[in-house]
Each structure stands twice: as C-alpha cells, then as structure tokens.
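Just passing along the structure, written as structure tokens.
All chains are identified by letter, namely A, B, C and D, in their written order; residue positions are counted from 1 within each chain.
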Amino acid sequence: MSSRGITIDRRRLGLLGAGLAVTSSSLGVLPDLVSPAKAAPAAPETGPIKVGILHSLSGTMAISEAPLKDVMLMLIAAQNVKGGVMGRQLQPVVVDPASNWPLFAEKAKQLISVDKVAAVFGCWTSVSRKSVLPVFEQLNGILLYPVQYEGQECSRNVFYTGAAPNQQAIPAVDYLMNQVGVKRWVLEGTDYVYPRTTNKILEAYLKSKGVGPADLMINYTPFGYSDWQAEVAKIKTFGSAGKKTGVVSTINGDANVPFYKELGNQGIKATDIPVVAFSVGEQELAGIDTKPLLGHLAAWNYFESVDTPLNKEVVAAFKKSVNDDKRVFNDPMEAHYIGFNMWLKAVEKAGATDHDAVIDAMVGVAYPNLSGDFATMMPNHHLTKPVLIGEVQGNGQFNVVWQTPGLVVAQPWSPYLPESKNLIGDWLPPMSCGSYDVVAGKCLGSHKA
Amino acid sequence: MQLDRTTTAVTLVCVLGGSALLAVSNLLYPATSVLHVPDFVISLVGKYLCYAILALAVDLVWGYVGILTLGHAAFFALGGYAMGMYLMREIGARGVYANPTLPDFMIFIGWNKLPWYWYGFDHFLFALAMVVLVPGVLAGLFGWFAFRSRVSGVYLSIITQALTYALLLAFFRNDMGFGGNNGMTDFKDILGFPLNRESTSAGLMLITAAVLSSAFLLARAITHSRFGRVLVAVRDAEARTRFLGYRPESYKLVVWVVSAVIAGIGGALYVPQVGIINPSEFAPGNSIEAVIWVAVGGRGTLAGAILGAIIVNLGKTWLTNALPEIWLFAFGGLFILVTLFLPRGIIGLFAARPAIRGAPEAESSAAESAAREVAG
Amino acid sequence: MTNGNLLLQLDGVSVSFDGFKALNELSLALESGEMRAVIGPNGAGKTTMMDVITGKTKPDAGRVMFGDDTDLTRLDESAIARLGIGRKFQRPTVFEPLSVRDNVLLALDGDRSPRFALWARESLDEHARIEEILRTIRLGTERDRPATELSHGQKQWLELGMLIAQDPRLLLVDEPVAGMTDAETEATADLLREINHTRTVVVVEHDMAFVRALGVKVTVLHEGSVLAEGSIDQVQNHPRVIEVYLGR
Amino acid sequence: MTRIQHGPRKSWRRSLYGPRCVLLAAVLVAVPALADAARAAHDSFANIAASTFDLEAQGVRELAVSGSPRAAAVIDALRDRRLFAWKWPRPDTPLYIRIDTGFVDARTGNPVAAPNRVNLRQVIVNDSVRSAIDTAEGALGLFSSNVATRRKAADAIFQTADAGALPLIERALAKESDAEVGRVLREARAAALLKSNTGSTSERLSAVGEVAARADLSARSLLASLQGQTPQVAAAIGAAVHDIDRRLQLWALAENVYYGLSLGAVLLLAATGLAITFGVMGVINMAHGEMVMIGAYTTFVVQRLITASAPAIDDFGVLVAVPAAFLVAGALGVVIERTLIRFLYGRPLETLLATWGLSLILQQAVRSIFGPTNQDVSSPPWMSGSIALGGLTLTVNRLWIILFAGLVLAALMATLRWGGLGRSIRAVTQNRRMAAAMGIRTPWIDALTFGLGSGIAGMAGVALSQIDNVSPNLGQNYIIDSFLVVVLGGVGNLWGTLFAAMSLGVVDKFVEPFEGAVLAKIVVLAFLILFIQRRPQGLFPLKGRAAEA
C-alpha cells in the first residue's frame, strides 16, 4: 500500500492540489515575477527609453563582466544629467545571466520582448554571444558587443565594438616580428573557439610571411589549467633552437597566473621569450602578483595608462562613480563607452528608438577613442581602431611600447582563412549582407536583411 | 489506491492543463491584451518542464532504488546533443558559410569533411533513435559494470560524478567535433517549423508537457508493478533480496537505463527550446541541482520531483533577477534545510503517512555499509 | 535421525580475516530432512558458516557441496537462494515500507527476472498461497499494514513466513527466538518443527532451553571448527564443551 | 648542485645606488680602456633616448661601457621609466630624471627647475632594450666582490653571448679566483668567440667543445644559432647539438617523472584531509574543496597583515600562514561538524547534499567578502626560481610542495599512530560503543577528527595558493580529484592515498605529451571509473570482517 507511490489523507489533498495549481498558474504571471516593469504592449514613444544591460553578475564570468555593468550605469546616469536623449530619460534594465549560456538567451528574450529595451549592451564570451544571436535576429533587437573576438561573424543586429582578429592579433604578431625580431612562434591557447580561430588566422598569416612549419608550435590546454610545468618546458625546449622565440598567448583568464608563474620559475624572462597576450588586461591583472608578468606584452586597442586628457577624465569619472580608486578601466569598458555614445548619436540621427531606423543610423557614426583619434562604425558593424602594444608594469598597468601608425579597419571575415577569404560584410544597401561572397557575387547564409 | 489515483490526476491536470492554458493565452490573445502571455514565458515554461522530466528520471533511481546519481545531467545533455546535431544538419546551406553539409563550427576549425558519427543526423527519426540509444547504451555499459561489481552508495555517486566530469572535459575539446566550448546554436527550424515562430515554441512546450505526463505515467506504472516493489526492497535491504534469489544488479540496471533514456528525451526537448547545447550542461553542479529538485519536492514520490523542479527553477529565475548575490546563499541554504528538516520534501508535508517510510532506514543501512567499508 | 542421503556437506572450509581464522578446516554433513542445531560461544564461526553456505563469504579453502554435484562456493547469493537455500538473519530483516503481504509475495518462489516482475499480475494460486502462509505465521489480520509497523516478534515471524514462501529445501535460521516472549518462543519451536516435516533446517541458537525444546542433533562450534556433535545431553556433558563454555 | 635565482630581479634603485656605484667606480679605475672611453662621455648619452628601440639598445650598451659616472643612474632611471627626453628627437636632447622631489639633469645629476612636461616624452623601453640593460648589468656584475653575483653576471654574459663583450670577459677572467665562475667565464668567452667571426678554426673548434660541455638548452640554442661556419666547425657544431639533444632526451624523461610527482604531491595534499573526513569517518564532505580554498584565503590575509605590521618577515608570511590556515579551517570544520554533520551521521547521501549546499554558501560568502576577482598571494623569493640538477630544472616552489605534502602526511600518520587524539580516533572508528564505554567523549572526538581533516585541507590551501589562482572557485577544481584519489587508494588507508596520488600524477604527466592535457585528464578519469568498478575497495582494500559484506 504505502509502497505504492504516496498516500494522502483527504484533508490535505486539497492543499496539494492547490500547491500544484498555484505553481502552474503562477507561471502565467512570470513577466511580473522576472522583471520589475510590467509587460508593455509595445515600445512606448514617450516616457523613459529603456536600455538593457546583459552581463553576468554572478558565476565564473562575473570577474570580467560585472565592471561593464558599472560602466553602463555610469554612462547612463551621466547622460540623464545632460538631459537624456531626444528629451527622454534613459532607464537601465539590469539582468544577471549568471555565467550560464542558456540563461543568456532567456534573459535576452525577456529584455527585448518584455521590457522592450531600445538596445542591449552585453555578453563577453563567444558562447554567450552565440547563444543570444538567434534571439536578437529573431526579435530584431540591437546588441552592442564590447569584447575582442574571433570574427567570422557579422550580424545585422549586432554592433561589434571590440576588436576583430586583424585589429589585435595580427598587429601584435607584426610587432614581435619586426620590433623584437621573433623568428620562431609558439601559439599557446585555451581550447575554445576564440583561440582556435585566432591561431588559425595567425598560422596562415605567419606562413604567408614565410615562417616554416618547423618554426611554429600550436598548443591548447583546458579552461582553468593550472599545472603548466610540462607545457612551459615544451616552450623552453622549442625556444632553444637558436632563433628568437616568441609566444602568442590566447590563454583565457584564470589559467594565466599559473602560466606566468611557471614561466618565471623556470627562468624564462620576457627578455628571453616574450609572451604577448590577447586576453590579459588591467582587470585580469588587478589583484594578482604581477612580478612574474613584468615585461610581458599585451595587445589591445586601449590601455588605462594612455596619456590623453579625455581618457584621464573618463577614468576619473568612472572611479568616482563606483567611488573606489583601485578599480581599473579596460579595453571592453572603452568599447562600451564608444558604443553607448555612438548609439546615442544614432538615436538622435534616426529621431526614434525604432530598431531598424537605429541600425541604419549607426553606420557611419564617428566618436573619439579614449586613446585619441576617432572610431567610426563601418558598414560591417565593426569599428576602426588603433592597436596598442603594452608591457606589463609592476603596478598592474600597461605601458604602451608600440602603436599602429593609423587606425585599423576591422575584417570580420579573415582574408587568411580559405573559407572566408572571399567574404565581406556590408549592411548598407544595395549589398545589405553580413557575408557577401565577392567572387561568387552573392550573399551567403541567412544573413540577408 | 483511490487517493494515489487522485494525486496522479492532480499532477496530470496541472501539467497538461497549465501548459495548455498558457499556450492558448499566448496564441489566441493579441500581444496588446492583458491576458497575452509573452513568448519568452512559453519557452521558459518549456524549459522548466524539461527540467521536470530530468527530475522525474532522477527520482526514479534515487527515490526507488536508492542510487544517488550525481551524473544524470550527462544523459540529459547527451540527448540534447543528439537533437542538437539534427538541428545543426537542418540548418544546411543557411549557415554562415553556406555549406550544405558541414556545420559552421567545423569549417571554423578547418574540417572539410563530415566525421562519420555525424552521418544520419539529417534524418529526424535517426536523431530520435540516437536520443534514446546514446544515453541508453552509455547507461547500460556504465550500469552493467558498476552494479555487477556491486559498487554502491557513495562510491557509485562519486563515479557517476566522475563520468559526467569526464564527458564535460571531452565535449570541451574542439577536436571532438561537437562544437567545443561553444557547442551548437543558431538553429533555424525543426521538421520545417521555424524555431523563431511563436506557434513553434508553444507547440514544443505542449509536446514537452505531453512527454512529461507520459513519462510520469510510465514511471508510475513501473513503480507500482511487482518490479517496483522489488526496487523498494532492493533499496532498503539489498542483501535480503539476494537471499530471496533476486539479482539486484539486473533490476538496478533496467531502471537505471530507463531513467537515463527519460533524461535523454528531456534533454532533446530542452535544446530546441533554449536554442543552444554546449558542454556546460555536463557540469557536475547541474546533476546535483537536479537531485535537490527531487529532494525539495519529495523523494520517492514522482509528483514531488515535478513539483520540486518547477518550484526551485521559478525561484532561481526570480532570484537571479531580484537579488543575484543572494541566489547562491538561498540555494545552498535550501540544500541544508531540506536535508535537515524536510527529508520527505514538500509532498511529505501533505502525506498523511510517510510516502517512503523507508527513507531514513534506507539511508542508515547504506550508512552501515559505508561505515563497514571505511571501518578501521 | 533419518537416514536420507546427504543434502549439505562442508568439507575442510577455512575462512580467515587478516590473520583471524573465523573458520578453521570446518567439516560438517547434513542429511536431507534433518533439523540441526548449531551452538557455540561468540566468535565460534556460526554466522560465518552461514555466510559461506549462502555465498555471502567465499572461503579461502574447502568445498561446500549441496546435493551431490553442486559446489556452492562457485555460486553467488541469488543463485544459491534459487537452488532452494533460505536464510533468516539474526536481526529480523523484512522490507519495512512494503505491506506484510507484499513481503510474502516477493518471497514466493517463482521467476525472479526483471522482465517477469515488470508484467507480473498476482495469480489466484499466488493469492491462495500468500493467504495460507499469512495464516501459518498468524499475520492474516495484519496483511495490509507496512511491515515497519509490526512488533519485533511479528517481524521474526514474517521473516519465517517469507522463508516458507521461498519453499527452500534447506533453511538456515539464525537465532530465531532472540528477544521473543516465552509464548512466542514456544510457538516458534512448533513452527520450526512443522517446517521440518518437509524441509531440512539448521538452527543457530544461544538459548539452550530452546535447543532442548527442539530436541534435535546438536553441533558445537569452537574457534571455527566442530568441537562436539550429538544429542543435547551428550554435548552438554562433553568435557571440552564444558571447558569452553565455563572456561577454567 | 648549483642554485640559480631566476626570481624577479631586484630594482637597481636598491642595489645600485649603494655598493654598485662604488663598484662601478672601481671598474672605472681598474680599467684604463674604459677610462679613455670616458672622455667621450658627452656623446655616450646620444642614443639613450633614440627614437627606435634598436638604436636605444645601442645607446644603453655605449653608455654601459662609456664609464660615465652617471651611467648606472641613467640606466636605472631608464629601466624605471623615470628618464625623460625632448619630445622631438635630436642628438643633444636634454635628458631629465624624475625623482621624488622633482627633476635632475641626467647628464650631471644636478637638480633642475621642473621642465615643461609638454615638451617632454617619457623614454620607454621594450624587451630588446631591457636585454641590453641586462648585459650592462652583467658587465658591471663581473667585477663584484660577491661570488654569487659574479656567477650570475657570467651566466648573463654567456646567455647574451655578445662578441663586443670579449675584452670585458678577458679582463674578468684575468682577475677571477673562483673556479666555478672561471668555468662559466671561459664558456662565455667561447660563446662570444663563436659569435664574433674571429679566431682560428682550432680555437673555434675548442670553443665549440667548451660550450657543448654545458650540455644544456642555452648551450644548444647558442650552437644552433651559429650560421655560416667553416664546414669543419659546422660539422663539430652539428655533432655537439645532436649529442646535447640525446642527453636532454634522457633528462626529459626524468623531468616528466618530477612533474608527475609534483602533480601527485598537489593531489596528495588536496586528498589527505579527505582521507580523514571521508576515509576514517565516512563523511562525504563536498565542501572539502572550500576548506582548501579558505586555507588559501587565510594565506592571503596573513600575508597582508604581515606586510602591514611586520614587513621584516614578509618573505616568511607563507610559513606563518601554515598554522594559521590549519587553525582557521580546522575551527570552521569543528563548527560545521557540530552544527551540521552530526545530525546526518549514518546518512551519507544526505550528508553529501547538505555539504554541497554548504560549499555553495562558502563560495558565495568568500565572493561577497573578498570580491570575485583573484587575490594576490605572492611567492617569497625562496619559493621561486629553480634548481639546476644536471639537465633537470626543478622549480623550487614545486620542490617545497612535494616536501610539504610529505611532511603533512608523515605528521598525520604520526598523530594517528602515537598521538593521544589519534588513539581515541582509532578507538572510536573501530568500536564506537566500546570507546564510549571506556570514557572517550565520542561526539567530541568526531568534532576533532573532522576539524583535523579540515585543518589539513586548509594547509593544502596554503600550498595551492603558491601555484594556482586564489579565487572562490579554487576548491571546485580539486574536489573530484581528491575523492577519486581517496577511493583509488583504498578508503581509510593513508599509504594507499599516497600511492594513488603519486601514480595518478605520474600517469597523467606521461599521457600528457602524447595525448595533450585535456585527453590526459579524460584518460585518467576513464581509467579510474573502470578501476573502481573492478576493485570497489581500492588498491589497498581493508580486509577483515568489517570490510566484508
């Protein structure tokens, strides 16, 4: 009897039923449950303009993403003081995708379809971007994505304010090749899409520069890898072939500290084998022992240390807004700064928050970089950027040792990869296509607007 | 018996009725209406129902045979990957590189030919078969080894965790050909129904509800059969059942495989609704989370598993919005409170007599064996 | 003593747990239809002997022949049980959450395969046998209560009932009357004798009065091997037995 | 066995303004060749602020040998980015050094009125310049009175193998008393000789021999880098390189074992605590990893406190942290046992769930207190760098960890065997009732045992803080491995734990080169799953009635 499922006495059965019923019906009122604002029928033309902020505030990615939320809040507050845009105030809608990729998609849906935000600033990892991409394309939203990434993507609904590979990786390699005289290359990366693609591009690029396969070593390690002994020893041996050797590191976040420590301990100094990293910025250096990293390099489009009045002003404003002097300002934060201001301009240009209008208006908008000169939103929804090479300093900051003479135009489709060498993205009519095959003369994939 | 039927009825009504209600108000009422349920709520509910299926699978093995599985999310994810592979092939030439056969991520890592284990996934039925077979076979092998060599109690729990952990690492590797860390996403349509259409997501949710209900009925049928009673017997006094001439291992194996398959189907339904499948689904934490859903709802009461999954996830959705930093405290606290003060879960509160009076004894016997194993 | 053929034969069985010899060259023969009482001080190896017979423990040396041709040491518990060897534990172990009749139902001899269990419906014959057994163990009125609610004595009886349901050729009964009232003990003795009409029984017991009441051949174990064998009076007067029990 | 300090170099500010300057002066008087260079002192600053790094590096070399009394100070300033030059490059550009009080003229060292920043640019260095600075340092170090410094300098000279340094080396050799340093200097000379395309074939051949004798990577890379040699020499070089490679391969094998052992040591540390709580008490503590994490954070806090209060013993903060971590984690363990675990004895699966919940709480708590970012735990000099043992490079921090793991295990075994607590623990685990009857307060012993296990986990955290990130998720990465180690080794058997940890480490490191790090881990896991199923009791099962059933 009692073994058969469960036994209920009649008095309480009602309760149980009620319990389940409440649960199921409560799903109906989820919109109120999950978002403070009541579901509006359609984006209102009056009242505050809502801006979505989609960055992980908890979980493993919180380290990198939480500061971006602070930047956005600062920018929005500042803009509201200036009277908002088109006479309307801006209202931030912050959600926490908790470093959980499916949750990113869910929250994106909520922001666009329930909160009816005018634009979303968010995502960090490639996988989070990939998981929200279909949502933005389906609901025709606007995403401003502030992080350097692997490229090979060009969506109409996304504005990539971070660097494409040719705006970070390739100049860095040029620097090592020409300024430091590196002849032998180690491409060391964490095993996920960004390093894989970047290294593929670099491999092709280096080959095109006449680097033989014997002088190229590519190596992948898992996330959070901490036991670098063998790997570093490999690099050491590889570097003992009598040619100047350099390491191009696409190692992700947490694995970096043990890596540099091991380098230091095995006696590899930046002067022997320089390491240039693409994922190590001020935020990553904050609060780690930088001694082992001294003199190693990083390639970004911005460093907090760049010496321009505008930069000093913005950084100061940020530190004030979070009233913490120890907080740092890094490349993706600058990207958000530029992206946000570009979006404002676009809204004013379009005279509305209507997505299609804004998307078209964005292209061609220019705004000053914190590192000087102007960033322009190109028809491929990427920015023109300067590329800076910085050396790690004792104080967790970078010192710029080299900088591209001019601005670099992004190539989301790498010309060094066979599958994408004929592709370009151009969202201006007549082309209006994210992946246009200039040879076949037709638009590939489903990116046609 | 009478009362038990009523519980079942209540559960079915709530699952089917509730979801139907939502679907209707989503499709019939215009977006302007107050009664309109936004699209994302539908996919949200769909997600919850998938979790409920997973919870059901966990309850079947934990509640009735006392196998505390810390790796069931692995079967869930495998089912999801099987479905994901189908959806990937469905994209066809609409991918970024317009390659009719190769998924984008393969071109990404420079493959020019489809690996053999991707063959056939362009057929929906084949994919469905895999959804059932892959988790089933893996569970079969794993269980056959484990149960035959009488690995039990915490040891079993630990190696189930190791299993899902190993799979996690494996699927992270890009060379595996399953999209590495990014997994698979950007799906276009399923059986020709575009995934981005409201009616599709509503339909998927309804199907999920239907599957959940039938899984519930199946599980109920199993646990009510003589087989089910043997399971309880094995859970509480495995040695005794041996001396009665039963082979506990074969009973465990059967229910283990069934449970894994249910979990796999849940995963298959999960993927089209959340639009992405990637290795993070294998994370050991997910499996343990599923166990706590069951614990909250009430272990060994199938209805409780469903209730728990939905309630906990509602709380998660709400908390991650309202107070992100509180979330982990609340969730962790839930584990402790439930195990300390609510060993029979929410349903237990309603049950006149212990739903599984055996539970504490069951544990203590398990404990003794553990104690014996570690004695000295 | 009946002069039937040998049903069970332990032949030089030794079991040792790191150094400590639980069974030491134990040899013991049992005729079918016989009831045998096994006594001995703690650590004499009584329970270990049962473990060996039922396949729970594999001996380091020696054979355990069941009938003429089956060596039990090669089989596992469930196989041995299906050969027709039933065991009752010292501490009554029944399936607590299951109802009394379900306990008996699961014990009824028959197909033990999962496939069968999945589709099995309770047949009339099964029903009849369950009712009969419930009557024999005097739990008819308790049939639908969960076993966990039974008194200690009732659990002991339920377990015996399950043994009967198994319909074994050989019963191994470990301290059946531990913690029973005199009346219950009396009844249990009767029940065992009744069972013995059709089956071979081995009773391990401390309670001398009970063993005397059974009035059967007694085997005394000491330090893992047979110390003495015979009627209760014979063994009680056996000098070495006295020495072992009373010490010097 | 020679000890090379690879750790972060001390800033010149400390080292040079003091004895080094004197030393430099000494060099100057000692070396007439440099003295007449000094006459050209005013030029020697020309390139120091050059517009290209190559020219700048050139400038550093010039300045280093120029013998200008300001050389050390200027090079020091350059390294620390305190050197400022006229924005628009010109040979006689004014050079300023920023000091705390203001600016001084780089050439004279006299204070100057703060120049208008607008016209100044900070002179920056990159790696090529920095290596030039290293050579300069080497040049100066060669004449140190301290043998170790000379040894280091000689090594630096050898590494850079700069033909221009030949005369310098010769002078140093002439004065060198220490045999060891002398050898290195001769090697350096040989290297420099080979670089400079001077010297007769026979000289060059012997030089090759001398360099090859080092038989290490730097020798190999030097030889491999030599181009356009006479066939005879080239052949000798080829043979030498091949010979070195062959030796290195053997060493590589030994090195792999070392890597395996050090990984094993880490696993052992992480698992030892668990061997107590799980192995001895049978408590499934999923929050074990968090105990390790808390130990690591304790290290962080202790270091902070010491830096704040007693900078003198800064380098030994780690040592202080060991007992601290033990106490903190141990105390926490006792609290947990009293408030949570004890209600769950005999219900291992519930314990598992509850402690998992606990681990989430602990992680989030640490995240809220210290923030989500990694914390900065620095490695003291005596724990960084590496020891060269023949062809082996043994990293010092790993050596310490291996040693530490051994000590912890030994101490634990001793406690269990001879300690009063250990006796009671064994009594309780063997026969609780009897122990209680004999007046042992079993609940208290339970608490202490759990505390002991947690405390050991805390000490593991101190070690891990030296090689891994100190972040809230630190423990997560070790919990599964720890359980597998304990189970593999045979529960309740410390020797088994030791053996299991070490063999896992070595296996992992030997699979890694072939399969890559990820697959290595997977292979090990798969192997473990199968193994545990074959031998549920682990490598060293406990026999006995208890273990049966």
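Criterion: a contact is a pair of C-beta atoms (placed from the backbone, for glycine too) under 8 Å apart; a residue touches a chain by one contact, two chains touch by 3 or more.
As the structure is a computational prediction, the values presented were derived from the model and not from experiment.
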item	value
Identity of the chain that, by mean CA position, is farthest from subunit D	C
A-B or B-D, whichever has more C-beta pairs in contact	A-B
CA centroid of subunit A to CA centroid of subunit C, Å	72
Distance between the centres, which are taken as Cα means, of subunit D and subunit C, whole angstrom	66
Cα-centroid distance, subunit A relative to subunit B, in whole angstrom	32
Separation of subunit B from subunit D, taking each centre as the mean of its C-alpha atoms, in whole Å	45
Residues of subunit B whose C-beta touches two or more other chains	169, 172-173, 229, 232, 239, 325, 328, 354, 357
Residue list for subunit C, restricted to those that touch at least two other chains	56, 97-98, 102, 146
Where subunit A touches two or more other chains at once, by residue number	1-3, 191, 220, 222
In the complex with subunit B, residue positions of subunit C that touch it	54, 56, 76-78, 81-82, 86-87, 89, 93-98, 102, 105-107, 109, 112-114, 117-120, 122, 146, 148, 162, 166
Residues of subunit D that touch subunit B when the two form their complex	278-282, 284, 340, 343-354, 356-361, 363-365, 367-368, 429-430, 480, 483-484, 487, 491-492, 518-519, 521-522, 525-526, 528-530, 532-534, 536-537, 542, 544, 546-549
Contacting residues of subunit D [partner subunit A, same complex]	4, 6-8, 53, 81, 124-128, 130-131, 134, 159, 217-218, 220-226, 248, 252, 255-256, 259, 262-263, 266, 367, 371-379, 384-386, 393, 395-398, 467-469, 471, 473, 477, 509, 512-513, 516-518, 521
Touching residues on subunit A, where the partner in the complex is subunit D	60, 62-63, 66, 179-181, 191, 220-222, 224-227, 229-231, 233, 236-237, 239-243, 254, 257-258, 261-262, 264-267, 269-272, 274, 283, 286-289, 291-292, 294-295, 391, 399-402
Residue ranges of subunit B in contact with subunit A within the complex	1, 3-4, 6-8, 10-11, 14-15, 17-19, 21-22, 25, 31-32, 37-41, 43-45, 47-48, 93-99, 105, 107-110, 169, 172-174, 180-183, 185-188, 195-196, 220, 223-224, 228-229, 232, 274-276, 278, 280, 298, 300-304, 307, 310-311, 314, 317-318, 320-321, 324-325, 327-328, 346-347, 349-355, 357
